[in-house]
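Structures for review follow.
Paired with subunit B in one complex and with subunit C in the other, subunit A is shared by the two complexes that follow.
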Partner chain A sequence: MGKWMDHLTEVLPEKQVMTELADRHSYSFDASFGEYMPEAVVQVKNKHEVASVLKLANEYKVPVYPRGSGTCLSGGPLPVHGGIVLDMSQWPEEIDVHADDLIVYVSPSVRTGDINQAAEAYGLMYAPDPSSAHVATIGGNLAENSGGPRGLKYGVTKDFVIGLEVVTPEGEIIKTGGQTIKNVTGFDLTKLIVGCEGTLGVITEATLKLMPKPPAVQTLMVSFDDVRVAGQAISKTLTSGILPSKMEFMDQPCIQAVENFRPAGLPVEAAAVVIIELDGRPEAINVEKELVENIMKEIGATRTTVPETGEEAERIWHARKQVSPAIAKIKPTKVSEDATVPRSKIPDMLDRLNEIKEKYDVEVVVFGHAGDGNLHPNVLCDKRDQEEMERVELAVEELFQAAIDLGGTLSGEHGIGTMKAPFMESELGEAGLDMMKRIKDSWDPNNILNPGKIFPEKGQKLVLRNE
Partner chain B sequence: MNSLEHLQEKVNYDKIFDCVQCGYCLPACPTYETMERETHSPRGRINLVKMVAEGKASVEDLRDPIEKCLGCMACTTVCPTNVQYGQILEGAKEVIEEHDVKSMAQKKVEAFLFESFFPSSNWMGTLGNATWLYQKSGIQKFVQTTYLTALAPMRLGRFERVLPDLPSPFERAFRKRRVLPDYKLRTTVAFFTGCVMDGIFFKTNQHTVELLRLAGAEVLLPKEQTCCGALHSHSGKGLSAKELAMTNIEAFDLEDVDYIVNNAGGCGAKMTEYPHLFEQGTEWHERAKEFAAKVRDISEVLVELDGLTFTTPVPRTVTYQPSCHMTNVQRVSEPPRMLLNNIPGLKVKELNRPDFCCGSAGIYNLVNYDESMEILDLKMIDVIERKPNAIITTNPGCLLQMKLGVERHGLEGEMEAMHLVDLLMEAEPAAK
Partner chain C sequence: MGKWMDHLTEVLPEKQVMTELADRHSYSFDASFGEYMPEAVVQVKNKHEVASVLKLANEYKVPVYPRGSGTCLSGGPLPVHGGIVLDMSQWPEEIDVHADDLIVYVSPSVRTGDINQAAEAYGLMYAPDPSSAHVATIGGNLAENSGGPRGLKYGVTKDFVIGLEVVTPEGEIIKTGGQTIKNVTGFDLTKLIVGCEGTLGVITEATLKLMPKPPAVQTLMVSFDDVRVAGQAISKTLTSGILPSKMEFMDQPCIQAVENFRPAGLPVEAAAVVIIELDGRPEAINVEKELVENIMKEIGATRTTVPETGEEAERIWHARKQVSPAIAKIKPTKVSEDATVPRSKIPDMLDRLNEIKEKYDVEVVVFGHAGDGNLHPNVLCDKRDQEEMERVELAVEELFQAAIDLGGTLSGEHGIGTMKAPFMESELGEAGLDMMKRIKDSWDPNNILNPGKIFPEKGQKLVLRNE
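== the complex of A and B ==
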């Protein structure tokens, strides 16, 4: 180890290389499960520094794990095989809006929410809105292909990237895509890099698409006394010529948890609520609002609340934001999943989740971006209770299988990382997974960049327990 | 109990599990911003406390990240899972105190403060009188020019230059211990004078009493009151803090007092936390709860009484630097702003980031001078952009720090730092 470490301090300013125990502990985790100690944490501030670190890593065969703000829910930045954590968060921030071209150039350390804010100054918006947008970096969002509530109407991170600057695993600086919306020159490497979870390259600059900011929004909150009806209401709305910007779902345990945590006036007797946001021109929204109200009445919703003021609407969305902290009060450990199914299968998925909950005697609450089938079943448990965690592992395995059986996918927006790697083959098949592995092997012959992610190791199983 | 179990109990190990490591605290943390590493962020600190409690790191590894925490509690306001960071931090500080691994800087400052000033029962006036003698005798000038007090690590000299002129010991000795309103009696309150406030900003304290009186309050100043204990708690001296709390709870155990009023955000915060110092179910815990329920900042009481009218316009442009502990621990943020908006002629310009700490943080600016100045400089950039002629504060530590900021940036001719109470007096308040 000594040799590469000495070499590191030669190619980078001393202050940017951390090796103290306290510092290494501080980069050993993210917002998911597990701690893994790196040998060094390196803060990079320009593409040449990234290139030097990767060249050195190839020379000495040391693994490198790119990391943004460490808000990842799937273990993307965890240094599972030791080596170097590449901290991108201290990179100088740059947001360069080119309003006439409807694009923005950003550096990887910029917080996603700040991009949208900068765009708003020009009457534009950056649509992807993961709930951690005020903390997470765009670099992390790109690597994980993050989603968010607005994904329903506008799509996810990958739909907004037209060009990247990337340092390859072997330390070469390349450009992918460009500055134009239409671009069919060669393979679409941009889309390959976005969502690669940091296994194929380190993103050092991105060119993102902006769009006009809708002038108005309207929120509606609909209550149901049957979860299945809530699921049907979502499909019915989307097949009636209306595309809301958000359709969020909360089941009864979530509603009750929020009301116990910080009362927000949610209907505690409801089996489920769906919170809808329409956006666009005010005249159009008014028409759509009435259509949605009629659909809900016809399908058998128990109540539709239409907030009159922006503040009332804000209160409803605030209640939705409180779900995460509120359910953490039920039990301290949250296993937060994002298995996603075709929209029409939401009622079936909800049934399957109920069966899993009973079968393994675990607490499961469900909320999420139901409009695009991206549910967030959360298993609530206590990681200090080994016996319970064993049941949780089995429940989560079955939950993944349920999503796949219904024609869905393991992960809608959090990424595969370490936890979901063991299930890759059951979704993609042996050959499908092997094609991905071949891409990885040719891009990164020494397996330097973020090893241990996406691809399962021999016999790897889901583990939520500490040994 | 083995030593790991003892450590776990001390650092409130069970509370650490409330942290889901989401990282939402990162943008709120001043030291994460200036020191540029997760080790100096709330999430990083909480994780390190956990590592120490699990035997994976030593208390020595914890020292620097914990000593460099401002304790501003901005993280607790943004935390989605309500982690009790204050209790984890104080637990960690006690462990560091117990293991005697404090840095020399920390030790020197603490020895100076806790051994020279705070233990003496009559220290409140003493501190002020000593400072007065020091200013009047000309020693101040001598000291300032010879760098005697600029010795590392305390750099007291930097702070002395910004001290206000103080009243003589006579004025202090003859202060009234009970005042009554001229007209209608609306309430009876007891005034907590605080030690730094009373020692260095005596006039502000007198103004506070006068404002309460004009607003219709009978004001009592219990003689037996003592330091709130905040600085002790924040230095890992929980036992001393507890003793001070008991003295105060006794001193303010008065019938017919509706509120215990203070004008120092940090003291107010500590006093609302007195119940944490005592075991649940004990008589002292109950008494501490009753005491804490009465604690109010002066701005809250003035807004509630609504008994003042301001007779003279104040043609100033000001900006407001809230006390972190007032915002994040007492959760009082609107009343001071409401009072500012009531002053005729006053222009108030909000800071871009009012909730970003000024870097004072109790004795932080003495112990960690360089780190504190980095934070202060960021604050001053924000202040200068507002172009105010006064920076309004609600806590003595912030007030001294902002005075230092003005001096440090050579802005003495352009702006001054003042306590909200003194600004209110400029508007010549009268009973409604």
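== the complex of A and C ==
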């Protein structure tokens, strides 16, 4: 070990290499579960440094774990086998908008929210809006293929990437895709690398697609006294010729939690609310707003609130963003899931979640991007209570199975990482998983880049308890 | 050879195996260049038959060439190394719309236009609209990641595929993706296989995304007396907050050809026309129509025609569709290209095309999906004239180089196939191409599935002349 560490300071400026325990500790966890201590942390600032680190890592067979700001909910940056954490957050920030081509070039360290802000100066929009956009880096978003509320109408991170500069696991610098929207020159490595959770390459630059910013938005908040009806209202709207930019769901415990945390005037008596955002030309939105109000009345909503000012609308969306911090106040530990089902199965999934809650006597609250079937059931618990955590593990396992049973998937937007790896084969089958593994093995023969993620290790099981 | 052929009739019903010369001849060409005779043609009708053929092919090391209706413009289905053509066109047709989930399940033999028609019955739309949608199969569209005019606003085939059933090159049946819009469970094999030109798997079922059909459309036809200004008008529109569903370009020779072929009232005096389609709510379209008219007046268009009835608009779009057959009347051979550049580079690309035309004294006409930079320069020639074809080869090579120089790509929507393989390394670099090859090798170790496509063979060059 000593030898590769000495070699590190030869290929990188000394102050970019950290080996002190205190420094390493800050890189031992992310926003998910588990703590793993790396042996060294390196702060890279250009593609050549990344290439040098990866070549060295291959020479000494040391694992390398790329990391942005560490907001990952599935363990993406966790150094589960020690080795080197590749901290990308100190990379010089670059946001270069080419308005005429409707594209922007960004460096991996840029915060996602800043990209949209830069685009707005040109009347343009970068659509993906994960809730962590104000802290998370675009590099992390690309690695995990992050989603967000606007995914309903506009798609997720992957849908907005047209080109990448990537350092391969063996340290070669390649370009994928390009600067054009249409491109069928060979295999789509761009869309393979986006969402690979940092296992196939380190992204050092990205070319993202921008679009004209819709000139107007309109929010509606709809209350229901039955969660199933709220679920049905979503399918009903989407089959009525209307495609809202956002359709978010919150159940009663979430509403209650937000009101206890920072009162926002949400309807605490409602069993659930659906918050809708329409965007487009004001003339079109006025028509769609009335159509949505009628649909909601017909299907049995108890109330539809239509904020009249931008500030009122902002207050509702702010309340939605407070769900995560608010429910974190209820109990010390929050297991945040993102199992996703076909839209029409949302009412069934809500039923299954209710059954699971009863069966294992665990506290489950539900919110999320219901418009695209991407719910976020959160199990609230206390990780110091080993007996409770055992029940939580069983509940989470059953929750994954429920999503798969209903034709859904383990993860809509958080990624597989460490936690969901044991369940991959149940969704993909042995042959399906093998085809993924073949790509990994052919690109990274020494298994250097982010090992221990996506692919289950022998005998691996879901563990939320401390060892 | 005899042995594998005997074996074929053991794994498939006899009448699905064709070895007569006359039958094989119909499968020796597509809509591009070159004729290659297969040794056998098999008509497969279910995934198990596909799996059996591929397992047998691996046993005997015989190449297998999947084929839809053979409309490919880049040689995708050509059996360049003989072997077996896998005819997918006789597969039972299945179009199963699940309106509540906004998805449709289709079998590979279905014609793409029929999918959109089935969706319309539910007020929904399947957006990708390649010009060959009335003949091409969705299987071929998936293999090639076909585009079309509506790609400007809605994206290409790949953007509408959420799940696949695939037979791997070694004959394993796998599922990729699923039924949900958001899905980050492992590597995105779906988007890797779509556009792989049939080299990584045989698609036996696809789950496609549908969307609400926009309630109204409005066409505008804009004339210019300068092609460069026409090119600028495209960028100008797109940076004015308007995203049309289509923006098509035709230069004067194309306009002239259509009017000579089937008169449609196009402005023959114009240097170029841009045909625009806006879609959405009628209230919004009315506003956007006026905005576009103003932009065109400001930038120096000579005339903007706004058809008042659906029939008039239909006549304009029909004229656009006639370009390909119309220019085919000018000279016996048509080399149809689809090199694509960033939108802002369209005027420069038009200049470069003009230079190439002069330099090699060849006839080049230009039309295409200019809104996304995807022009179709067509070189009109006579393949019996060897001297002319030599100049055409040089002109086409320079045209590819021009696209790459301008930050563009070899192919926007037609694919690499046989013709463009020799130019892959100049766009991707050695390491970039190697990463693609690693995937191919790991999935298809015996190089059974569609060999001779995408990856250049030793010493391969562009050849349009007959040997």
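Methods note: the second predicted complex is superposed on the first by the 467 of 467 C-alpha atoms of A that agree within 3 Å, B and C clash if a C-alpha of one lies under 4 Å from a C-alpha of the other, contacts with A are read in each partner's own complex, and residues count from 1 in each chain.
Heads up, the rule we're going with is that a residue touches a chain if its C-beta (ideal position, glycine included) is under 8 Å from a C-beta of that chain, and two chains touch if they have at least 3 such contacts.
Being a predicted model, the structure only gives us computed values, none of them experimental.
In the superposition on chain A, A:Lys297 makes contact with neither subunit B nor subunit C. Touch criterion met: A:His134 reaches subunit B, while subunit C stays clear of it. Touch criterion met: A:Gly373 reaches subunit C, while subunit B stays clear of it.
More residues of subunit A lie in touch with C than with the remaining chain of the pair subunit B and subunit C. Of the two partner chains placed by superposition, only subunit B is touched by A:Ser324; subunit C is not.
In the superposed model, A:Tyr122 lies in contact with subunit C only, and not with subunit B.
After overlaying the two complexes on the shared chain, residue contacts for A:Thr71 are found with subunit B alone; subunit C is out of touch. In the superposition on chain A, A:Asp23 contacts subunit B only, with no contact to subunit C.
Applying the stated touch rule to the two superposed structures, the subunit B and subunit C interfaces on subunit A have no residue in common.
Contacts from subunit B toward subunit A in the complex involve residues 17-18, 20-24, 26-27, 36-39, 41, 43-44, 47-48, 51, 56-57, 61-62, 64-65, 80-82. Interface of subunit A with subunit B (complex): residues 18, 20-23, 25-31, 41, 43, 69-71, 87, 90, 111, 132, 134-136, 321, 324-325, 328, 332-334, 383-384. Residues of subunit C that touch subunit A in their complex: 98-103, 122-124, 144-145, 147, 151-152, 155-156, 158-159, 168, 172-176, 178-189, 191-192, 194-196, 200, 211-213, 215, 235, 238-243, 280-281, 283-284, 286-288, 340-345, 369, 372-374, 407-416, 420, 424, 427-429, 431-433, 435-436, 438-443, 454.
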